[in-house]
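So, here's a batch of structures to check.
Two complexes come next, and they have one chain in common, chain A, joined by chain B in the first and chain C in the second.
What follows is the complex of A and B.
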């Protein structure tokens, strides 16, 4: 796959010099993560208000302290937890990391959340949203200042069941990208319609020496190559 | 259609990630998209704003109604950009039958009310199907992903809302001393005619900025759907690898 094809990944390098791809999370997921967190905070405040209502002036003071603490330290506390994400973010499958993919540091978490004051200007997080729409890595201003990035959590790959076909050696050694594509075809074969599967296998028929032909028989041979690539031998 | 000519990297993504890919595409080809979109949208918005004389709520409503129709120009530019072609106003003009005048009534009625229109618009506009096959195809693309369409529509609805209020807030802050209105004047039932107009203007500016990103996010969902249903990413790889 050509490197310059358009994608949302941010390339990072670990201190050991390993290049990694981070999948930056954009506005659609982050808007809803924020809304969920907002609702959770409101819920907590509502319950607290019911309790402190009977305490008079002291209750009001406690309420204000709680409001302050929730507004400023709710995201920090959750981002520094082992999930690296607030409950809203976890629901949407995203978390906060440093630019190089490492877990977020306390200083960075505090910076990005204090800088929400800049993002929420002029109203309803206008500047933050604008920044998320216009920046390639979808950072809001707080992320820019703290060198943090909101990324999608890597998900465990779904379990695949492959049809059992006789393994078949490819006619010539395949480059890595093509090996991956042939195996991906075999893994997703059950989710494609039969005619579409034959069409795709026909495109890759040369790996099994069936250039220009297609059909169920060719498909089985191409899937056989996938089995061989995965290490199965007859 | 040559899938290997697609300028975006296809891989199975979660639907929110697919929407982000759309946003990224829109950033990348902003020049083409905004040139063709604004050439159509600005005259429409001026006409809409002119209806302020009839009723103060009419401009906002008219612009809101016009969105699915305006989206077609954006999608035209985006779909070409996905294959690495740039679009000029002349290209849109030459394709006006297909872009502007086809499916005109549905754009203004049924699709205006559809909360998942960003997902299905590419099927209607780009796949060239008619009648029953089109209905079945839309059903297939939508199945299980209607929620994703609604989610993206509401996310960008919220973005629009936030940006309209941001613009209004800026106007209030920077209003000269003595002209700063109270909230009653802006949102109240009586008076404040000029602030109603400022609101309509803020809405026009927001739609001018955000709509291409919204359409692009839907286009991203649609591309991801084709990866799921037709394994476009695998086809892309095979076609590139083919010894010719």
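What follows is the complex of A and C.
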């Protein structure tokens, strides 16, 4: 479809031959998620430093091991949890999946997080950012190697409430693309201002035989055609 | 069939599938009433069918979106892989890791050459011209090394500010495993990063060894490094080899695209990195608690070291072969 050219949707195919749409997350939300995670890690380290400071050598060991674990395995642990995302990513509404849409595997999670070392070179995630900006699916180098993808958590589809309008047959049979357009207009009706709705309905007024006219009455007739197309009969 | 009929006919199935999925994601309910797997799978297949139909007939977007969402949720549940568990770990240690190393034998050989070449060269150079050490590290660090391995030092090893084996254990874990990961990740830059880290670490170790030998501290130094070296040096070479595999896949992807070759190389070589983490954990423990024990008689230390080297190399060479 032509709209795909503008969109960042990634299609993943299931074994059933169905293409599932994944919405790849862009640079800004990932940067903010990273910064949030960074703050959380620093916070944990700070608290741990206060506690281990009084424990002597063993405390130093625990501190260093915790530092090591947070540095390398903080993202791995959270990505393998059932949320598939670190707390920062969850806050931003994004998560990590395999690029076939499945939950991330341990091997992939470890791969993408170890290769982070390459992404953050030469400074401030330079190579990672470059890679993300050059690719439609916003993968950093680690994602490319691990076959993973950071996607927006799908939101629950909004409940569409259509106005109850008397159905009206179109003046002539409509081809599929036009049917889709009229139904899509009806689905968006409740989210448009009245004057904008009238304006848009005016463009499609010929379907109800009201060529060149517009106004609330015409709009109701166009919405009636949409109802008819959806299968409602008087 | 009109969209409205379609929706009214199948709505009940979609609701049922969705309720099964929510039940699976909230674990609390599962013990009381387990989710019928067969029903879930068949509902999922039907939803896939209906999604394809809805798309082909260009049904209104709210129907398509709803179907898209429940099928992708169900897809995630049905096809998820579980790779955890002790059995998996045991297999990794007993079979997968040594086999992966042998499958990458050529890369291991190159990595070992790139690591040992500078090590030996710098070692000899510094041994015969001790002032060359200053081109690798500054004078203060040299003095520190000398101090550490001198006969008067209480405990051998690297800087021991915290003064306890436990603290050093933590330090070795953070520092050494970090180096291992760097050697691996450097492979993403066409292998150059791995080559650099290998050669640099080799040169540094060689220079220090050559210098301390020349100063007559060889017995202190070698008795300290030789045991954990079996794990640590092997691990550095192996992680470099894993990085080289990735770099090679990028330079010469063969009949695959570069992206595919990279993904395949990463999947196969990450197994080596798992083993590297294990080796470096052992190395850290040995280095902190055994290598630093000064009261141990030297012959015993060298015997244990020889045992460790034979064990590690034998493990990588023989373990996990088909009998």
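The rule we apply is simple: the second predicted complex is superposed on the first by the 194 of 234 C-alpha atoms of A that agree within 3 Å, B and C clash if a C-alpha of one lies under 4 Å from a C-alpha of the other, contacts with A are read in each partner's own complex, and residues count from 1 in each chain.
Assume a contact is a pair of C-beta atoms (placed from the backbone, for glycine too) under 8 Å apart; a residue touches a chain by one contact, two chains touch by 3 or more.
No experiment lies behind these values; they were computed from the predicted model shown.
Contacts of A:200 after superposition: chain B is touched, whereas chain C is not reached. By the touch criterion defined above, A:176 lies against chain C but remains apart from chain B after alignment on the C-alpha atoms of chain A.
Of the two partner chains, neither chain B nor chain C is touched by A:78. Of the two partner chains placed by superposition, chain B and chain C are both touched by A:184. On chain A, the surface patch touched by chain B in one complex and by chain C in the other comprises residues 121, 177, 180, 184.
Across the complex, chain B meets chain A through its residues 6-9, 14, 16-17, 19-21, 23-25, 27-28, 151-152, 155-156, 158-159, 161-163, 165-170, 173, 210, 213, 217, 228, 230-231, 233-235, 237-243.
Chain A meets chain B in the complex at residues 1-2, 5-8, 23-29, 31-32, 35, 92-93, 121-127, 129-130, 133-134, 136, 138, 152, 155, 175, 177-178, 180-181, 184-185, 188, 191-192, 196, 200, 203-204, 206. Within the complex formed with chain C, the chain A residues making contact are 14-18, 20-22, 56-58, 60-65, 67-68, 71-72, 82, 97, 101-103, 105-107, 110-111, 114-118, 121, 141, 144-147, 154, 156-160, 176-177, 179-180, 183-184, 187, 229-232. Per the touch definition, chain C reaches chain A in the complex via residues 1-5, 25, 45, 48, 51-52, 57-58, 60-62, 65-66, 68-69, 71-73, 75-76, 79-81, 83-84, 162-171, 173-174, 177-178, 181-182, 184-186, 188-189, 193, 246, 259, 262-263, 265-267, 270, 273-274.
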